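Notes for the one structure printed next.
Per-chain numbering from 1; labels A, B, C and D assigned in written order.
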């Protein structure tokens, strides 16, 4: 992780450049599609921090994604907030607090129990929103006004503009990537890696491992909240299905498919899986078989995900996420 | 059948994107400009996988049947069906709608089955202006708060299917009832409509039971119903849940002592699976398979011939969707550019449907007869009209 | 709330608990012995139900349908184990979750291709079609008692197999220490194949048994999957006894939750699971950290 | 050798017990460890030595009794807190970060002495003091040349050395070593014994070891544990001469 292989770095930069110029050529639909993919990529990055680096396999990560959407909808409906400067921090705070609570309980367990307890919390949130009339029940809520950036009442950027939304999302993606990378390179990141490899040893060395895991869980939850904020704002819709275990499973698929513990892999995974779904679902009604078979094939044949393909091409061995 | 999968269009679109990138962008205006033969794009957003796949197929096939019966054209133009699998997943609804409306630039949009999907879909087409026909989802809001000039519905509002049952049950002397449904929006709307007419006329709902969706373990609540001893039970479930509820209800011995009423979906498309347990259940719905009118007979035969399946209420809704689109397009002779005229024609349509003639309310929801049906010998037999030409109150709809 | 009401609700709870146990026991067996998280367990349940429906249609006898269907599901379990699961034993849980997630998608489509999307009912066999009156208004179907009896029989059979037979001995040894079994010269690959197909057959069996009371419909597998995971996790992964206690707990919480606090009934079982895991992170009877 | 001039008690167990069901793995042990000394704990397998160490290092909570470090009660404190007080420990079964390189292993240990590692912004590799500390520890344990080697790729003996290096990188005052020589070849053993002797110059050492030659060559004091209880504590000579030890321990060992 310390240094990206040059080939990968080059590919990433080319990809970033392509994304930057994309709006100049793309039709509106593709603009929105890529925006959606970038939102998924942010979610995948946050999950990779948790799964790939801290070794905490969460099967309920979509809970924070969906919660962010609901928080945005409620802030707008009940508090009339539309400014990005006010809603985004508030939404992130809500997700952070939720992750703190869920994490505080969850990090006491590990392995499959961690998988299951995160699922349990996500299901609880799912049912909470599904059953509550105040939040629109199973039909969900609308976010009617897109967030705007204003200075002294003068509107600088409105996310109503799809191109502006695209660039804000791209910015959020790049920022998420850099922030997580920064965290991984920091002293904190080294502790997280050590905990993943051998938690009792890290504890015996003097680290209050639970605090570090909890901090990591909260960071990942807030980043998922960032993705959820953008995801809900993009189409202006939020409903319980955004928190369902299918969504959490899908996010895991994206991370593993892309290559967990590589950070850029999950971003690739988001692009590959979404585009594959777009393509195959148009070819056949039985497209879920194809996706299922694809997932199985990746698990069996390419356990390191797409990223391992890139890195293996270059080095002939799997990349080791070292602190 | 001129069904086209979305991929061809997608691929073409990629090429088009590439062409645009090369600086050779060719802007193609409305297909109409090229000539009468240009295809009309009809977007279909329905579930083709998962729990609701059967509904999706019946709606689609019947809609195509209606259009094919009239020569396979809309206003003289051939039709290109662009189908997207909604998976009945509300979290994908917005993106899927977007794919059809923005990506495929369809002229018309129809679907979906799931109310949550319908809400997301309505939100987008309100902004985009695509003429949309909701062919199943009953969420009240679609033709209330969310109503718009370009949103039509050929199915029903949840309110409509249950509202007539209140007076009917009182007429039969059931004053104390228990209601039971899944705890989700459609269930709450249905029970709410029933409560509205039942309580207003002097009935008492002893208890409103809500089962977590899609939980199908009813035993505990059946025991409670047995101990509450109401005069009758009013319920709404659909699909697998409806089958299980009706069977459990009978198996618990409640059927003989406490009559079961419900929204028509309780016994529609589920009777073969429910068997004898469903005998005697009285429901209200805007259709019944055995409805005795020539249009229905003809439709059912044609559908059977075309698909080798029996038609049901969903197929009828699909069929009427096709009819409504034809009506609108015939009025403008296929000129999809004349949106206003198309919508006006659709709004003023009187459809001679298998369910009987119906018109559209100001909110563009059917004004239709709601039938009273009773299960006899494994069939929903129409025993009367519970409410003649019932219109949804359309509260909150601003369409004049 | 009077006493008879309470008793009948308890009966409901226990009966539901038995059914959950039957589904969950296969899941916990597969995890306990093989260390595999099988998300596709619910799909086997669904396949069992569809097989019961289909074979019952062909043979006209549910018991015969079950007799024919069971070997089929054992065979399917073997195929899945050989073609997919078998490659995952040394891999992280994460990959198992993912692979079996992919399996769900495929098996669901198989069901649609083979049997379509309709909801089906399976008639209760004539011999068991009667009902026992409990109160003036409510009676209890004999078939439900039959399900409970079958669950008890299966539980007893599992107990006997695990504690009294050679296969059971290896299974127990394998659950405690996988390397040990290998050292003893037992073909672990074969053992795992047997266990996996048995687990799959258990799921299918519960699907078959409950088909007459549950009806048969697409997507039924995923519903039961999540709840049986909750059962297994509460009981402690790998513990048959734990699965039993967990199933009963869920039976009671779900039943009484629906009646007493319907507003949060959807949350109740998950809250129970969270509480248990906080109190005992390994589940009630889970010894081995997973 | 050790500075025996100011031999205050640094770590103290008072009435320490650990029950596993009916079994008392450690039974009412009262024992003091003097600052700057090498104190070996010996005894037959199953005597409760490792459990005793686990109670001292916080890995396990005692059923009864107290642990005091420099007069402060640390009974039941979690291992991370005890580690931060300046107590380092190595394990009977090698317990290192196998996927990391030697330097990274020691780095993690050295970094644990920062007031907090909840630092998210500056890259870790800029922490020069941590790096120096880690490199020094590597050099001390004799692995200076293998800084970039992934731990999993090293021999068992080297891994044991690395574990000592990690312990040192955390700069503890008191070291607890659980069978540091177990499974080592002769030459490797000699190296480690030599290392331990050097460490004894400025650390307090608690040592569990089966290699009696090694124990007698470096220990100042010896405690013999049998069946979870302290049989005898004293100097090498005292232990050698103790009839009780002869009978209960050395005698038994012959029979093993």
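The rule we apply is simple: contacts are C-beta pairs under 8 Å (C-beta built on N, C-alpha and C of every residue); 3 or more make two chains touch, one makes a residue touch a chain.
Since we're looking at a predicted model, the values are computed, not measured.
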Co-neighbours of chain C and chain B - touch as defined: A
Separation of chain B from chain D, taking each centre as the mean of its C-alpha atoms, in whole Å: 73
Inter-centroid spacing, chain B versus chain A (mean Cα positions, whole Å): 35
Intercentroid distance (Cα basis), chain D paired with chain C, Å: 48
Chain centre separation in whole Å, for chain C relative to chain A (CA means): 33
Shared-contact residues (touching 2 or more other chains) in chain A: 127, 130-131, 286, 288
Junction residues of chain B, two or more chains touched: 49, 183, 210, 212-213
Chain pairs that touch, as defined at the top of this document: A-B, A-C, A-D, B-C
Chain A-facing residues of chain B, complex: 5-10, 13, 16-17, 20-21, 48-49, 84-85, 89-95, 98-99, 102-104, 115-116, 119-120, 123-124, 139, 141, 183-186, 188, 210, 212-213
In the complex, chain A residues that touch chain D: 2, 182-183, 185-191, 193-194, 197-198, 200-209, 211-212, 215, 320, 322-323
Sites on chain D touched by chain A in the complex: 57, 59, 78-81, 83-84, 89, 95-101, 104, 107-109, 111-114, 117-125, 127, 150, 166, 170
In the complex, chain C residues that touch chain B: 2, 5, 8-9, 12-13, 15-16, 108-109, 112, 116-121, 123, 131, 133, 135-141, 143-144, 213-220, 223, 254-256, 258-259, 262-263, 265-266
Chain C-touching residues of chain B, taken from the complex the two chains share: 49-51, 53-54, 57, 183, 209-217, 219-224, 226-227, 229, 239-240, 242-244, 247-248, 251-254, 257-258, 269-270, 272-275
